[in-house]
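One chain, subunit A, links the two complexes that follow: it is found with subunit B in the first and with subunit C in the second.
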Partner chain A sequence: MEKTWNNKAWFMVLPVLLLVAFSAVIPLMTVVNYSVQDTFGNNVFFWNGSDWFTEILESERFWLSMVRNLIFSFIILAIEVPLGIFIALNMPKKGWGVPVCLVLMALPLLIPWNVVGTIWQVFGRIDIGLLGYTLSALGFDYNYVNDPTDAWVTVILMDVWHWTSLVVLLCYAGLVSIPDAYYQAAKIDGASRWAIFRYIQLPKMNRVLLIAVLLRFMDSFMIYTEPFVVTGGGPGNSTTFLSIDLVKIAIGQFDLGPAAAMSIIYFLIILLLSWVFYTVMTNVDAER
Partner chain B sequence: MSGANERTTRQDRVNEAVSDELASTLSQDQIARLMRRRGEESKFWWLVPTIYIIFLMLPIYWLVNMSFKTNQEILGAFSLWPKNPTIANYMVIFTDPSWYKGYINSIIYVVMNMVISVSVALPAAYAFSRYRFLGDKHLFFWLLTNRMAPPAVFALPFFQLYSAFGLIDTHIAVALAHCLFNVPLAVWILEGFMSGVPKEIDETAYIDGYSFPRFFLKIFMPLIASGVGVACFFCFMFSWVELLIARTLTTTAAKPIAAIMTRTVSASGLDWGVLAAAGVLTILPGALVIWFVRNYIAKGFALGRV
Partner chain C sequence: MARIDVNHVRHSYLPNPQKDADFALREVHHTFEDGGAYALLGPSGCGKTTLLNIISGLLHPSHGELLFNGKDVTNLSTQERNIAQVFQFPVIYDTMTVYDNLAFPLRNRGVPEADVDRKVRETLEMIDLASWAKKKARGLTADQKQKISLGRGLVRSDVNAILFDEPLTVIDPHMKWVLRSQLKQLHRRFGYTMVYVTHDQTEALTFADQVVVMYDGGIVQIGTPAELFERPRHTFVGYFIGSPGMNVMPVAIEGKTATIGSQRIELPGAPRTAAGNSGAIELGIRPEYVRLGRDGMAVKVSKVEDLGRHKVVRASLEGREIAAVIGEDESVPAEPKVLFDPAGINIYADSWRVEMGA
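What follows is the complex of A and B.
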């Protein structure tokens, strides 16, 4: 759409600007302050330069959380995206099944995150949970409290349960926007199921898929509540992701300096990723 | 056997059809029909969504199942459904103010946040969808980064900021804090929906002598009503499911139900039945509101642009 140049539009954006500045810029400034200062208590702070940043960047703990988080993000993307596409392709196209499927599939998205954690914590317990009890009854040595592998499996399964529907909904929205004429043309050409998917459905879904991949990556990169409730970051540190580690340092140990430095590094990574997201999105829009 | 009979007759019919069609010259219409028949999807398409929905419902079923059991039954015998269904767990929640107030608190700050977010996002989204202005793209990007900001980064600074204003443990504090990610989201969704309304409508209205506020309320709002509904839904959703910030900013008077759950569990020695009942009750509001936006929910997740 052709947009007119009008700087008065700033007045319409002003409320948003003030509100977000209050809830984002001021807190961020506090974080920046803490990241370059040290204290011995009594609210007396002194300049500390970049010491906290070097401390964090040189600590093994930070990099381990980071690597764990990246591995986690890639595993859930590798499962959720193909699974989501597959389910979306098999969704009913019309009739009473559509609203039923949409509502039931969207349900996990609206459960408070710690309740999601609680549900899976209970579901996976070997004494009272359906999943844990069944697995033990079948002879598997499954215990997410003690075994790091089982803890990972549980957390990943939980995330797949929680968020695959997001990918399904997005792909479904992309699929229903394809006009019928495309399919008719494909049938006249005698296109196979795979060819229809590869040359009609996938290209039409690329935009929503992009949103799905990036949203899922960002959200899994800052996941906190669900694994915290299920495993508490354990056993040991095996499921301690970046956000869990950060909260442990900031609120658990009250090490404000390192926590603030870590927040800033964390935030810069997110900023970089958002920028990639934004650029790719606007480029896709421009191509249309 | 009727099955075998049926199969032979169907086979016959197919043979007949094929020979018929080979015999006569095929019209375009017939070709299209034949193609459609061959390209039809398998009869078992419903299997995939069904299996997926069962996978989604199992953990929820287990929670519902537990909420109707007594603690003895939960910890004692393993059973797929409650042997002696009881609503005692729900009665605990509905009669104890420290429990049901949590729901009221959650609803209050969620609704406050929804109203604030959508009402400030409306003019901003209009500006982004209709005008170009100094720094518009940077501003839009900056808003996006806030949607992507990890709540863990903000938990501590929020606590200090709202302490300084004396707002700790009030509903408005949580509502304002959740604006951090809900306002950008609302702007994005509304901008997507507004861009779908042709600009000619604005121009026609101005020519007809409508003032801007009158045009916005009388003509524009009804056109993007579904967008406003979806934006409200998403604000509701993300404020309802968030816990880290809501828990940090509240102590007792405005404590959300999700936080009360975690606290009571550790205090009362794991009262599984009540915990499950509380969990079930947190799922219900979400289930109710999804129904209203079922046709638009996918479009909303695509930030209003499909």
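What follows is the complex of A and C.
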């Protein structure tokens, strides 16, 4: 039997192809193009091979940003995940408190990144900010503009304030899906509060927690706007994370080659980490 | 094991119950004997799960008290009452192995590990899951999971009663039989006091020695399956048990005769209806006792349902719907008439059965 070829089908996928091409593939290829060439302006390019990559990978500056970024991600995960679980466990399960809590929790998530940055930038100022002024008035030596530790504390506090809600909402969704019979059975089995958490609630939150950790890790690893607005990466380079550094190189110094090489390395790292997370998550699924 | 006395227990889910209708459980006063197998049977919303949860201590009754072996346990927690309960949907601890699931209630009570091991192995044998001990519990089938829920109760040797809340709802039909007979076996071997809530009459009648039929927040009849079938105390029991349910029709009574329209039916005795009883008098007869043939009262047959083992004939007698059961190889005569077997006739006043004198 002869096969019928209907080439019209290709037209159906064309819109998607175009969309992906313009939104992802073409920009990425432009970056690849920059990363292997050098230019002195006037649109004249010279082949440069892997020099930019070598330069980036050998630069201390890149690795310092990377380490700062990893430490930042680790700290906010260590705070937001346990805190999120704790808040979710203590949220009401029924009654008028539920909508109130949900709206309160959703509020920080609805605020645009740069506004969050601005809020905390003002909040922390020692001359007019509520937090900064109060702390200095109480005699604390707090100044996020001069002191690296204070800058870190401010940026971390800001991220916890902004994103813990996400963990809370995900955990809460996992918790309310547990049927009452589980708690009743646990009572009958004489389970302690800890045992209920460990053997009923935590296993049920397992999947949403993995999603929460993945989302929060990726977001914090790519964080740009909020610390940029608050500290601009300073004082010195103390809060310069990878994406801030990247923008400094690309726009600040206009070193397009190194910036492009760094983008690609950055991209590959995120791709690798996503793959690791994905594998872990699907393995957990397979185990079920 | 324990004898359970439910003393004038009433329960309402409302904070301030006033009328009778506010109560999910109007008033239950009953004793579950030590080692008995009871079924609480009734339609959804009749209060049977409420009663079960009051016995297990998951609910505190609004009024009344609960005794285990004569000791008041009304204010004791679920854990202190030491009962086991199997829920409608299997509750298992996903992350634990089958073995650890069974060990969980013992470990929570601080039982030494050597005793835990011995008890768990015994229980695994009892529920026939010994070869699954090391498996993760979440990989099991629904009936195996339900057995684990049961096993977590059996593992405590001193458990006062085992309560079942429609435990076979999610089990495949062919496994229902297997599980139910295993339950019966466990009951015979170890003599647990078992209370089994269900809305499935087959389940109730095959499982229990005593069936407690509940309706609208109260107990309407307690009896053996045979009693419920032959002598329903309330028309509801007649409707609810049996398939099809009992035929109930309004009649007028005079001495030993009942009249429906122009038809007269001789009764085995004179019903002792209370003097001045103004309520409706009804005659109830199960389709199994309605004889279809060439003698008796003329009926109009509207439909014959062939159920394989027998046929159900739907007909109308004096304008009232009535069902009769005939054998698989019998057929409906050309001019069908029905006779009521006197042994199957019950008379109801205000929906409650009245005795008949000689």
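To be clear about the criterion, the second predicted complex is superposed on the first by the 265 of 288 C-alpha atoms of A that agree within 3 Å, B and C clash if a C-alpha of one lies under 4 Å from a C-alpha of the other, contacts with A are read in each partner's own complex, and residues count from 1 in each chain.
Following the convention adopted for this analysis, contacts are C-beta pairs under 8 Å (C-beta built on N, C-alpha and C of every residue); 3 or more make two chains touch, one makes a residue touch a chain.
No experiment lies behind these values; they were computed from the predicted model shown.
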| Partner chain in contact with A:179 - subunit B first, subunit C second, else both or neither | second
| said: Tell me the contact category for A:188 with respect to subunit B and subunit C: first, second, both or neither. | reply: both
| remark: Chosen between subunit B and subunit C, the partner touching more subunit A residues is B
| Which of the two partners, first being subunit B and second being subunit C, lies in contact with A:60: first, second, both, or neither? | neither
| task | Report for A:133: first if it touches subunit B alone, second if subunit C alone, otherwise both or neither. | result | first
| task | Would you check which partner chain A:203 touches, where first means subunit B only, second means subunit C only, and both and neither mean what they say? | result | second
| Hey, what residues of subunit A end up touching subunit B and subunit C alike? | 184, 187-188, 190-191
| remark: subunit C contacts subunit A in the complex at 56, 58, 77-79, 83-85, 87-89, 91, 93-96, 104-105, 108-109, 136, 138-139, 149, 152-153
| field | Contact footprint of subunit B on subunit A as seen in their complex | value | 1-10, 12-13, 15-17, 19-20, 22-24, 26-28, 30-31, 86-87, 90-92, 97, 99, 101-115, 118-120, 122-123, 127-131, 133, 161, 164-166, 168-170, 172-174, 177, 183-184, 186-188, 190-191, 207-208, 211, 215, 218, 221-222, 224-225, 229, 242-244, 246-247, 250-251, 256, 259, 263, 266-267, 270-271, 273-275, 277-278, 282, 285
| Once bound in the complex, which stretches of subunit A touch subunit C? | 179, 181-182, 184-185, 187-192, 195, 199-200, 203-204, 287-288
| query | What residues of subunit B sit close enough to touch subunit A in their complex? | reply | 31-32, 35-36, 38-39, 45-49, 52-53, 55-60, 62-63, 66, 74-75, 78, 80, 116, 120-121, 123-124, 126-134, 136-137, 139, 141, 143-146, 148-158, 160-161, 176-177, 179-180, 183-184, 187, 195, 199, 237, 240-244, 248, 257-259, 261-262, 272, 275-276, 279, 282-283, 285-287, 289-291, 294-295, 297-299, 301-303, 305-306
